[in-house]
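Pasting the structures in now, so scroll down.
Okay, so subunit A shows up in both of these, paired with subunit B first and subunit C after.
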Partner chain A sequence: MKRQLTGLQRALAAFAGGFALLALIFEFASTEGAPLPVWEFPLAGTFLVLGVLAIGRIWFQLPLFIDGALSVLGAVALLLALDTLQMAGPGYWFALVSTWMFAWLFVEQLAASIRAGRTSPTLGMLIPVVFGLSLLLIWEIIVRAASVPMVLLPPPSMIWTRILTSLPTLTADFLQTFKAVLAGFALGCGSGFIVAILVDRSPFLKRGLLPIGNFVSALPIIGIAPIMVMWFGFDWPSKAAVVVAMTFFPMLVNTVAGLNASSSIERDLMRTYAASYWETLLKLRLPAAAPFIFNALKINSTLALIGAIVAEFFGTPIVGMGFRISTEVGKLNIDLVWAEIAVAAVAGSAFYGVIALIERAVTFWHPSVRGGRT
Partner chain B sequence: MTSVVSARGLGLTFKTGDGDVQALSDVNLDINRGEFVSFIGPSGCGKTTFLRVIADLEQPTAGSITVNGTSPADARLNRSYGYVFQAPALLPWRTIDRNVGLPLEIMGYGDSAARVSKALDLVNLTGFEKKFPWQLSGGMQQRASIARALAFDADLLLMDEPFGALDEIVRDHLNSELLKLWARTEKTIAFVTHSIPEAVYLSTKIVVMSPRPGRVTDIIDSPLPRERPLDIRETPEFLAIAARVRDGLRAGHSYEE
Partner chain C sequence: MRGLFAGKTVPVLIVLLAIVLFWYVMAVVMNAPWQETLNGRANLTDVPLLEFAQQTWAQDKPVLPAPHQVAGGIWTGLFGSAITAPRSLAYHAGITLGATMLGFALGTLLGIGLAVMIVHNDASDRSLMPWIIASQTIPILAIAPMVVVGLGAVGVTGIVPKALISMYLSFFPVVVGMVKGLRTPEAIQLDLMRTYNASAWQVFAKLRWPTSVPFLFASMKVGIAISLIGAVVGELSNSAGGGLGVRLLTGSYNGQTIQIWAALFIAAGLAAMLVILVGWGEKLANRRMGVRA
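Up next, the complex of A and B:
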């Protein structure tokens, strides 16, 4: 039976083939003013001819992995062509668009195929990978082929090389900053949690402590960071103090809200058992508050990283991710700045991911996790 | 006969933003050991409030009430009653056996595993110990909550419209199960409902209440035998009591507005 293409898939197929045809027609590239026709680049030429031939899918069925292979071929050809061409012509850009369309078409068909049960769901892992690689490819090619100045945006390959050559520096910076992140996160979340319990226990404290918590969280980080440096010194404890100030309030507010999440029937139930305050807290109210507490932990995981990095702009020993970013920007070593950003992004996502995984295990019963009815 | 609950001139007034609401007014009532007493009436008649006063979840503002010869507060601290709410209120992070074992944990029973399996057996939930509440149907959840109220073997069972949210077929089934359970355990049961057939089918004594202010308008001692098959509901005796309950409800209900 012939597999029907959706409207979007047909349009993508038409655009992919059409742009490959345009790339063959228009000038591909030039060097020192002399035009470089596409047959100077055999791999790119092969890709474009095959791309045009793929329009034949109107008459015969084409396996979706052909589109995947075509997009990989196009990516490799375009990257290799970068080494010889000086000026990319319209043909080169059309070839890039065509490559992108083939990648998109591949992902689109793969998703449809998994939904229909024709392909194993484990292959679904390919979809985000293809998406990420396409972004990196487009970034790399635009920056290099259009000769974007390195200070504005370095290509990903350069950032990657920089990461590999500066590993000792990056590791030292990471360890220095993450000491502050983890210590501040633990202290900020821990004290927010304890104060939330105190506030819950006493309405008097609720009226006093909640506004103070609110006040602290409203302080601008660039205002408190220099003060913390004066109080706690240049090393990581002053950064941890900034992180404490940033993470305390989200934890406090969320835990206070979470402690009220149990229903009145559930609290009446504990009362009929003559349960003490602490038994009710441990067996009913804290488990019911867990989704709120994990929300605060997730928010705080990213806040802590931002806080620690920004705090390092205001006086630090000569190590740390924030320190490195602020000094290397001054030296126009933009690739190292990007390398630090990449490390921070990966570390922050991993931190968040670990907390999200623990959350799934702990609040497995919550409708948002088990995805079921209430 | 010893009375388990004894109310004299009991009244309760809620203070609300737009004036006082008299939820209970001059209630005089005795619930004797081993009785099955139903409270029936339209919403706002104070039947749930009366149950909550017995359970020390509300404080009366007039009159006196004793539970097992003591104040409701002492009765609660002595864990002398089990309460079944309108909703199952099972904790979603606990499996059924750990939900039923919750009161035992709090009250410090040592033999909790044996008590849990006995309570689950009483409500026919054996085999569902390791399920989570959200994996069971509504009727099964409510049965689990009844098992939880039975687990610590209090002599008095307070039930606040426990089957109100269930469909009629499940409700019929659970009603006859409840009667069997009552016969086996010889507990005293106070049961709030707004269904006339349910009240007549289950009770040895029916308390008819009416609203504004919440008060008792009729107390009917049922002549029906303790052994009651479901088709007793077609007999003339049953229908006669149902008619009397309906008359009581109609008399107490004012339509002047």
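Up next, the complex of A and C:
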């Protein structure tokens, strides 16, 4: 049975092969004004010839992993070529576009084949990975081959070496900032939760506080950072205070909304069991509120990191991620700044991921968790 | 009496009143040490409590300014000088508003574009969605100074770097909301479109887009509030450009607490105004689309 390609896939295949052909025709690169033809780079040459041959899919069928392998080959060839060439010619850029097209074609076919049930869904994990790697590759190659000024954007490889060489600084900064994040997150979310349960008993307070809480969570609370630094000093407590203020209201609003999530028929059932207020709260209303509470925790996990780092712009002891970012920007040590950002990104994603994992374990009954793909 | 307490207005007003009272008390408590030092220097002893409280509410650089001082700061900031003068808070609010609106517009467009791609193409759904979520766990506000300085080094200054930060923050709620909204049509409705032999474009314009409008407005309300935050934080790194963020920063360097609080409240008022404006737009759109209020 011949597998039919969709219009988009055919277009991608044609472009991928076409750009490989163009790359073979045009000047590939040059060094000190002397042109460097493509056969000086055997790997790149192999990739381009194979890429052109892949146009043959019009007559015979190609397994989709051939496209994946081709894009990997292209990526490796282009990266290796970077070491020897000085000026990238039009051929080099055509080869980059061709590599990118092959990666896209691979992903496109993989998605279609998973949807049709020909490939196991676990391979779907590859798709975001391929996308991320392509972004990194394009970033690295464009920055290095077009000699983008380092101030604007350093290549990922340089950021990576910087992370490895300045591990002690990064660790010290991370610990200082994360102290404030954790303390503020625990205090802010905890107090928001407790106030929500107290407010919940009084309909009057609920009507009075909720609109204000909703309003305040839309405000630029981050602006209180300078005030908190004045009140609590330069060290981490002032940052924790900013985090408390930022995380309190989302938690309050979401928990109150969550406590109203159980339906009246379920509450009536609890009443027929003669359940006390606390039993109803613990066994019915809090579990029903869990999705809302976790939503607030997830929002707060990013807010907490932002709050702590930005608060450090307003004054810190000489350690901390926000401090490092703002001072090294001034010294134009952009690679160290990007290293801090990478650490912050990994920490932020891990923080979010841990909360998401706990959520899956706690709210296993919720349709969004049971439904398979999230 | 009962009827009054059943609505929202009276409880909100009472809570607000309680907050203001609490604020006045806290102003006395927090400003007391410095006032005692001042009175000690002036050889004032045994000041009556009420007079002492009034002194703490009238300090020049209080730890916590009293509400009427903040209100005075806002008043002189807005109306005390010509609107183009750099002392005028209205001038700085205007700068921030411009960056916010540009960033919000760009972010909304980007968000809608990405959502359309995600809904219509399986591969972009699988490759983009995880990265879009991951992009928001990066504390972008922390990168703000670098974006501003980096773009400044290649000659892009003024409103654009701030707007880019706002855009990065505000596209996320729009993507998430619009993906949900564009997927709202049920299978039976999509099947009906198929029986009409509708093209993909017609399904989008006549079914998916109208069903997603409520989601769009809900996301825009979140997006415009955070794009204001992005603009304010972006201004922290470019003190020459002006804006509410700059007022916050200079206020914190000079210990001008009243100036900080006034700038903060103006930013809050701006955020509230923008959210209300989006709400009006929502009502208008709902009425034109025949949704019953």
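A few remarks follow.
Everything that follows uses one rule, which is that the second predicted complex is superposed on the first by the 346 of 374 C-alpha atoms of A that agree within 3 Å, B and C clash if a C-alpha of one lies under 4 Å from a C-alpha of the other, contacts with A are read in each partner's own complex, and residues count from 1 in each chain.
The definition used in the following text is that contacts are C-beta pairs under 8 Å (C-beta built on N, C-alpha and C of every residue); 3 or more make two chains touch, one makes a residue touch a chain.
Owing to the predicted nature of the structure, the values given are computational and were not obtained by experimental measurement.
Of the two partner chains placed around the shared chain by superposition, neither subunit B nor subunit C is touched by A:Val143. Of the two partner chains, subunit B is the only one touched by A:Trp365; subunit C is not.
Of the two partner chains placed around the shared chain by superposition, subunit C is the only one that A:Ile127 touches, whereas subunit B remains out of contact.
In the superposed model, A:Ala240 makes contact with neither subunit B nor subunit C. Looking at the shared chain after the overlay, A:Arg271 reaches subunit B, while subunit C stays out of its contact range.
By the touch criterion defined above, A:Ala311 lies against neither subunit B nor subunit C after alignment on the C-alpha atoms of chain A.
In the superposed pair of complexes, A:Cys189 makes contact with neither subunit B nor subunit C.
Looking at the shared chain after the overlay, A:Ile224 reaches subunit C, while subunit B stays out of its contact range. The contact sets of subunit A with subunit B and with subunit C never meet. Put simply, subunit C touches subunit A in their complex at residues 5, 7-8, 11-12, 14-16, 30, 63, 121-123, 125-131, 134, 136-143, 145-146, 149-151, 153-154, 221-222, 225, 228-229, 232-233, 236-237, 244, 248-249, 251-252, 255, 257, 260-261, 263-264, 267-268, 271-272, 275.
For subunit B in complex with subunit A, the residues that touch the partner chain are 55-57, 76-77, 79, 81-83, 85-87, 89, 91-93, 102-103, 105-107, 132, 134.
Residues 263, 265-266, 268-275, 279, 283-284, 287, 363-367, 370, 372-374 of subunit A touch subunit B in their complex. By the touch criterion given at the top, residues 8, 104, 107-108, 110-112, 115, 124, 127-128, 130-132, 135, 149, 151-153, 204-205, 207-209, 211-212, 215, 218-220, 222-224, 226-227, 229-231, 301-302, 305-306, 309-310, 313-315, 321-322, 325-326, 329-330, 332, 334, 337-338, 340-341, 344-345, 348-349, 351-352 of subunit A touch subunit C in their complex.
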